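Look at the two complexes coming up: chain A is in both, with chain B in one and chain C in the other.
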Partner chain A sequence: MLVEIKYFGMLAEITGCSSEQLNVSIKKIGEIKELVLDKYPDLRNKDFRMAQNHELVSDATMITGQEIAILPPFAGG
Partner chain B sequence: MTRETAMSRYSRHISLKEVGAEGQEKIGASKVLVIGAGGLGSPILQYLTAAGVGTIGIVDFDVVEESNLQRQVLFGTTSIGRNKAEVAKEILSNLNPTIKIKSYRQKMNPENIANIVIPYDIIVDATDNFASRYLINDAAVILEKPLVYGAIYKFEGQVSVFNYKDGPSYRCVFPIPPKEGSVPNCSEVGVLGVLPGIIGTLQANEVLKIILDMGELLSGKLYCFNALNNQSHTINVGRNQLEIDKVKLRGHNFEIVEPLFYCTSPVSEVSLENNSEEYVQYIDVRELHEQPRIHMECLLEIPLENLMNQIKTISKEKRVIVFCKSGARSKQAVAMLQEHGITDCYSLKGGVSAFKRASLQRYNYENNL
Partner chain C sequence: MKTTYKNVFRDGPISSSFIAQSIAKHQSKTRIGAHNIFLGQVRADMIDGNEVVAIDYSAYEEMANKKFHEIRETTFKKFNLTCMHIYHSLGMVKSGEICLFVFVSSPRRKEVFKALEYVVETMKAEAPVFGKEIFEDQSHQWKINS
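What follows is the complex of A and B.
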């Protein structure tokens, strides 16, 4: 399945792109997370949440969507 | 303010059928606390003041620095070196002398937050660090106040409305504070000056929609904006009851449970069973007309608004257990009493109905609900 991964804030600085397409054969959001963390080990030090098709999801959620957003918290004001 | 002055000052609001004179009166009656008078706080404060929000509280302990002026457009060069909350009050009073503005020249901490937050209807988080953001979120959850959240990073911003009518809280999106130093703030990495202007203005917009009960709020939604490509992304966020319960359970004592962060909160709750009457002073903080009344020797009836005036009547020798109808006011009361040195003080779980449940025989419970 082809999914688009979107990176926000400082995460996009680590990945060097704000979005990319990945062809995956895996089933759960947690597996996408591991795949991304393996690809960009510096993300392991960052906190983030993942959203699938604009819904916040957990690691156990099944992959159903075409778009996965990876969102860090922002501190600034 | 005379009716004529109001009609003239707010005429462009009043002309909107969605606002009208009635809506403008709601704005005038509202009380909004803005925490942080920096990049986000500047436009929030300017627009809320201009809109005629009747009471505005400004919290900031910091002073204006020259490097702030690139984005903190509320201030001028002559503001440099002065306290932000005080300068903001001065400048905003000129923008709209008809409203009440209160400045709090202090840093929010677990000890003072409840007292500062309690008098306001809506809380706006315009701070620049996670310690404050989690502290404010937890206080908003416990004190049951809607929280308008905004945060920025370089060219991107997030906006949401938390804790609005059983909606999600900040911890439903990000349950725990990030590792220290993992997320830099504007002063460390820089920020495009206009970004907090955009995000802060969106926050002010949410505040007005809450007051006017108008349009669609960003409650249950995290709005993400990117100033470089003008793209926005809205993520639906569900309420995570477990996270909210954890905050409520920690209660109003604001114990430090997450080191380095004040991310905690107030008010422990107790149940009736474990407390013998002999050693307990009960306080009913409901209005005197609220039924059913409870009759017992060790009970003081002090409506919440009179609590500070009558604090001397409360024994420091006994454990104090406060109750109201459901727990919201009693938690506020506990926070206030603890601030004033009455530390062995708890909110009664279940409110007044706990008496009925615990024992109909022990108390003369007027069952006339």
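What follows is the complex of A and C.
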């Protein structure tokens, strides 16, 4: 399954890209997180949350094959 | 089908003339008896002797616009409001300039005090907006809402 991963703010500085497509055979958001952390070990000591299709999700959420975003702490206003 | 939400984002700072025009547009809405306005201003924080001169805002725009839409819906359900407007800057906003403009209106004053606080606090907690604090020596750090 092809999923698009988006990175924002300080996390995009670490990954060096704002989005990438990953071909995965996994089922849960937590597994995407592990895959991304293996690819970018510097993310391990960063605080972030994950969203799928524009909603925050937990590690146990099933991947639906669309857009997944990795979001640093919010700083609006 | 992809739903598109109202875009709250504006490039650069929110000008005082934009705010003034927004107020003037409400003169025809004569059921309104009270407005309340929140303006977020970029603060020149001093961190380790280095002063913040600007914040470079970015956002996960699709998700943020969806969140702002949901906040609007919830706010209209919770409070007796006539109308509500939210604008947030993207890109560079210098210290002293306005980066957030929230404007709520109601027939009565008590509603607008409660509603405005609710909108601003919820937005800060839930909208995926990110701020890069730029220092005078051009170094930067990422802002985190407290």
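FYI, the second predicted complex is superposed on the first by the 72 of 77 C-alpha atoms of A that agree within 3 Å, B and C clash if a C-alpha of one lies under 4 Å from a C-alpha of the other, contacts with A are read in each partner's own complex, and residues count from 1 in each chain.
In this text, contacts are C-beta pairs under 8 Å (C-beta built on N, C-alpha and C of every residue); 3 or more make two chains touch, one makes a residue touch a chain.
Keep in mind the model is a prediction, meaning the values are calculated, not measured.
Participant: Between chain B and chain C, whom does A:30 touch in the aligned arrangement: first, second, both, or neither?
Facilitator: A:30: touches no partner chain.
Participant: Under the stated touch criterion, which partner chain does A:6 make contact with: chain B (first), chain C (second), both, or neither?
Facilitator: A:6 contacts both chain B and chain C.
Participant: What is the contact status of A:77 with respect to chain B (first) and chain C (second): first, second, both, or neither?
Facilitator: both
Participant: I'd like to know which partner A:51 touches here: chain B for first, chain C for second, both or neither.
Facilitator: A:51 sits against chain B and chain C alike.
Participant: Looking at chain A, does chain C or chain B touch more of its residues?
Facilitator: Between chain B and chain C, the winner on chain A residue contacts is B.
Participant: Considering only touches as defined above, state whether A:69 meets chain B (first), chain C (second), both or neither.
Facilitator: Once the two structures are laid over each other on A, A:69 reaches both partners.
Participant: Which parts of chain A are in contact with chain B and also with chain C?
Facilitator: 6, 8-10, 51, 54-55, 69, 71-77
Participant: Could you list, by residue number, the parts of chain A that touch chain C in their complex?
Facilitator: Answer in residue numbers: 6, 8-10, 51, 54-55, 69, 71-77.
Participant: Along chain A, where are the residues that touch chain B in the complex?
Facilitator: Against chain B, the touching part of chain A is residues 6, 8-10, 18, 45-47, 49, 51, 54-56, 69, 71-77.
Participant: Enumerate the contact residues on chain C facing chain A in the complex.
Facilitator: Interface residues on chain C, with respect to chain A: 40, 57-60, 62-64, 66, 88, 99-100, 120, 123-132, 142-145.
Participant: Quick check: in the complex, which residue numbers of chain B touch chain A?
Facilitator: Residue positions touching the partner: 36, 38-41, 125-130, 133, 150-154, 156-158, 173-174, 176, 178-179, 182-186, 191, 196, 222, 224, 226, 229, 233-238.
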